[in-house]
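Two complexes come next, and they have one chain in common, chain A, joined by chain B in the first and chain C in the second.
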Partner chain A sequence: MSKILIQNLHKLYNPNKPNAFYALKNINLIVENGEIVILKGVSGSGKSTLLSLIGGLSKPSEGKILVNEQNIAKLPDIMSSAFRHQEIGFIFQSFNLLEGLSVYQNILAPLALTTLSKEAIHENVNRAMQLANIEHKKDQNVGSLSGGERQRCAIARAVVMNPQIILADEPTANLDKENSLMFIEILKKFKLLHKTVIIATHDILFDDLDCIDRCVHMRDGELVE
Partner chain B sequence: MPSKNFIEYAILLLFKDRNDHFFSFLIFSFIVFILSSVLFISDSLQYDLIQSIKSHPQIVVENMRAGRAYEMHDGYVYDIMQITGVSNVEGAVDGYYYFAQKRVWFHVIGDAHLAKDEMVIGQGVQKEMAELYYKDVFHFLNEERMIAVKIDKIAPKGTNIISNDAIYLNPNTARAVLGMEMDEYSKLYVTVPNPNEVSEIALKIVQLYPSVKATSQADAIGAVRHLYYYKGGIFMILYVIAMVSFFILLKNQVGLVYGEKKKEIAILRSLGFCIKDIITLKFIQNAVVSISAYLLGVAGAYIYVFMANAPYLRNIFLGSELENSVSLTPVIDLNLLFLIFLFGVIPFLAFVILPAWKIAISDMSEAVKS
Partner chain C sequence: MSIFLSNEIIVFLLIELILIVLMAISQVNIVRIVRHWDFNATTPLQYALEKKNYLVNTILYFTVTCKVILFLFFIQSLNALAGIVPGAMCSAGVVGSNHYGNALLLLKLLLIFGFGLWLIVNKLDLASITFPYLKRKYILFTLLFVGVLGEFVLEILYFSNIPLTVPVFCCSVVFQAPRLPFGYTQTLLVLFFYLLFGSILLLNYLKQTMASFTCNLLFLFIAYYAITYFFGLYIYEMPNHKCPYCMLQKEYYYIGYLIWGSLFLGIFFAIMPFLIEQITKKSYVYLLKYSSYCLMITALVCTFYVVRYYLMTGVFL
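Coming up: the complex of A and B.
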């Protein structure tokens, strides 16, 4: 069960330099397993930095991030990468697809690190494509997809390893209303699947959604009640 | 050891970025092609010349005075025969005839099997003679008279390495052409059955006649090897220049490409690829590029040298005034090919993997946000 416990978390950029600044200051947060949490705040408030730290993409300057009682802030690269591979699914604002590859080949990327058989890989990719409703575009190059399709491809890739934690950074910022609503439908599926989801956004569409458990506000690198 | 899935995905990404790798593949292939061609030609010529030397008796004696070759008479043959360990001494007539109309030198070699009025000529000689309509008979000019000799045969192409500029004549006719007396020889071939005695007998010959040069087979082979010794030659310098230039180009290209690829590496990191995985991925991709470029270069060189007979490059090595259509014997020195591999592929991989490693260890959070 992936309970996330964040204690006294600080992130200092450019330490020992004149332009040093704290992107995160003394963050304390608990996210229960299966909870969907919205991180709200203006640009530069530290939402993306917090997601990066939870996902092990960067290391905090101080503090702990406990996932399943394991402090991922202290893990060496090989273990934090394995944690990210197994436990985390990232969804980015700019989709971050591998250009020049098809939808199927993009979703395949995390499975390249496994020793699964061809059949198992095919099954996993198909399941992820179905969840994100993108299987009809599986052989299409991602360069020719619309914004919404690209986002669904990114979602399928994020869930192909069946991670327990989904981290979404401004997932609807580049989408029109119709595609944003489609994302919310997928979010509801995540709720049913009992995934832990943290979404950094300032989109009002997420206000008052039934599937959202909690909304946490951030300002100047700090959590505000 | 990376899994099959990982290797397949690395190749998939390689094909996606094939245009980025094409330039380095092409240049590296070309350098390996040129180097391998040079080595193949030099090894092949070296092999043929050494085989030719080995077919002669153990010691060749030439009379040198003030750096010029002088003839030897029967007395030399008799005296050398008296040395213990020598089983036979054979006089040979050998020299150069200047064909003034074409401004080229022909190598005249005495051959006792030929009649006085006939000769066998190399293919290069035949071509030069034919251009001036000497197709059946050729007229040699010496200081006193004109000597007409019938062109009996053309030496086979396979012997071109030694016969291309050669004219084989009866020894007496050869003497007449070269202006030598009837009991004179230009070279003596000394047969020594015991290989352990060769160098000592060569020394005794020089002691007997201080003006002569007695070259043993080993010395002659050493001289050929020295001539084609690639490490000391200009080709080693060319090799170093070519490789340094290539790696400077590669470094610039890799810098540009990896600047653009930073985001791709960041995406893979966000999907769970660790630094080791990124390095392994780049290693596999660039190993495929460099090894395939290496194999293409070597295969291209083999075809160019041994099937197409190395047009253009061949004449640099043969160094003859006559055009020579010599057939190169396929000889491959695996040690040299391994050296090219070692000094080509390994630095290639290092040059491309280091920038990937530098990117992979940097903070990925900014790269995935942009």
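Coming up: the complex of A and C.
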């Protein structure tokens, strides 16, 4: 069960330099297990920085990020990587797929270093492809996919390790309305699966959705009511 | 000609200097880390120290590993110097050309053991989320850094005192009567070698870390003399050739690397569990098993040469 507790979180870029600035200032936030939370705010408001801190991609300058009562900001790099691998699924704005590989191979990538059997790996990849509705393209090279298909491939890759927490950074920024609605359908599946999801977006499509539990607004690195 | 103009010494001292500069930079940061470290704090200072700790660890891991590898290069460099030191036929003549040589070699060996200990404690520290051995690890490194500075001073003294005009003694000393420890004869020395070897195997089997630690320190001393003054004769098949270095050469199929390497590794694995216990309170007795394997290789290879010589000639040297 992954409850996320953020206390007194600050992120200062370029410390001790003339161009030092706070990307995040005194963030306090609780995300309950199974909750879907939207982080809203204009570009530069600190949404992506907050996501990268929650995902253990970078370290804060001050404060705590507790996931399952473990302060992930304190994890050594090697353990931070293991935490990300097992607990977090990332969905990026630019998808970050491995060009030249097929859909199946891209989704399989996070499982490559696990000790799972071939059958278990195959089963996990199939489950993830079904969830993201991309199994019909499994042998196709990702370079030949449409934007929406690439997005679904990225989603399948994010969930293939069956993480409890899913972080999505501007997931619909590169999608048309039809594909954005398809993403929302997948979001509803996450809700049914009781996943904890945090989405950083400024897309109005997410306003007033039933599956969204909470919308948190950010401005100049701070949470605003 | 100056010894400092030889290629090997230029490369060796340059690498040493770079490593010392890296260690000195780390040492400055270590003082700050040790003084202000509080793992439970979530302040900007603590996070900055954690970042710095990561950097320092990476630098130290690199430098310590380089120092271990550099030891082998040092041995090779000594052998290369034999060509320009009059009278020296191998590293023995170069090391013994002044009274700093043997002290330097001993200090290097102790530092290698120290670096090995540091690498293990570092590994244990990084394997835990809370860095429980951070302060002890850095105190150990500080001691080693002092040793490295002393080593560098000794290196300069040693290299600058190698005579290039006066012939030095090398394997010619072999015609003198050997100066064995405690006035031992060769037979007593070999008996003591096998007795200690047997005791170590037993102590390792019984997982007696402290006793094994003590026995191994004594064994290091005895084995050095036994290999040089007894087993070496059978490796070289010459009754008067008592040299610990020539067996490292091609003529003897580099067998010295196996003999000395397995001996030092065996002793390293035997003394580490006791030292690690003192520093971390963690049991590392499984290393004793590796110690036994390594020392068995040393003893078997040494014994093989004696048996082979006896079977070929029907006499002992």
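One rule holds for everything that comes next: the second predicted complex is superposed on the first by the 225 of 225 C-alpha atoms of A that agree within 3 Å, B and C clash if a C-alpha of one lies under 4 Å from a C-alpha of the other, contacts with A are read in each partner's own complex, and residues count from 1 in each chain.
What we mean here is this: a contact is a pair of C-beta atoms (placed from the backbone, for glycine too) under 8 Å apart; a residue touches a chain by one contact, two chains touch by 3 or more.
Note that the coordinates shown come from a computational prediction; the quantities given were computed from them, not determined experimentally.
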| item | value |
| --- | --- |
| When chain B and chain C are modelled together on chain A, clash or fit | fit |
| Vertex chain A angle, Cα centres of chain C and chain B, expressed to the nearest 10 degrees | 40 |
| Which superposed partner A:K64 touches (first chain B, second chain C, both, neither) | second |
| Which superposed partner A:P110 touches (first chain B, second chain C, both, neither) | first |
| Which of chain B and chain C A:S94 touches, first, second, both or neither | first |
| First, second, both or neither for A:L12, with chain B first and chain C second | second |
| Partner chain in contact with A:D77 - chain B first, chain C second, else both or neither | both |
| Chain B versus chain C as contact partner of A:R214, first or second or both or neither | neither |
| Partner chain in contact with A:H136 - chain B first, chain C second, else both or neither | neither |
| Chain B versus chain C, judged by how many residues of chain A each one touches | B |
| Nearest Cα pair across chain B and chain C, whole Å | 10 |
| Touching both chain B and chain C, residues of chain A | 77-78 |
| In the complex with chain C, residue positions of chain A that touch it | 7-8, 10, 12, 15, 59-64, 71, 73-79 |
| Interface residues, chain C side, partner chain A - complex | 39, 42-44, 47-48, 50-51, 54, 126, 129-131 |
| Chain B-facing residues of chain A, complex | 48-49, 52, 55, 57-58, 77-78, 80-82, 84-86, 88, 90, 92-94, 96-98, 100-101, 105, 108-116, 121, 157, 161, 169 |
| Complex contact set, residues of chain B against chain A | 3-6, 8-10, 12-13, 16-17, 263-264, 266-277, 363-365, 368-370 |
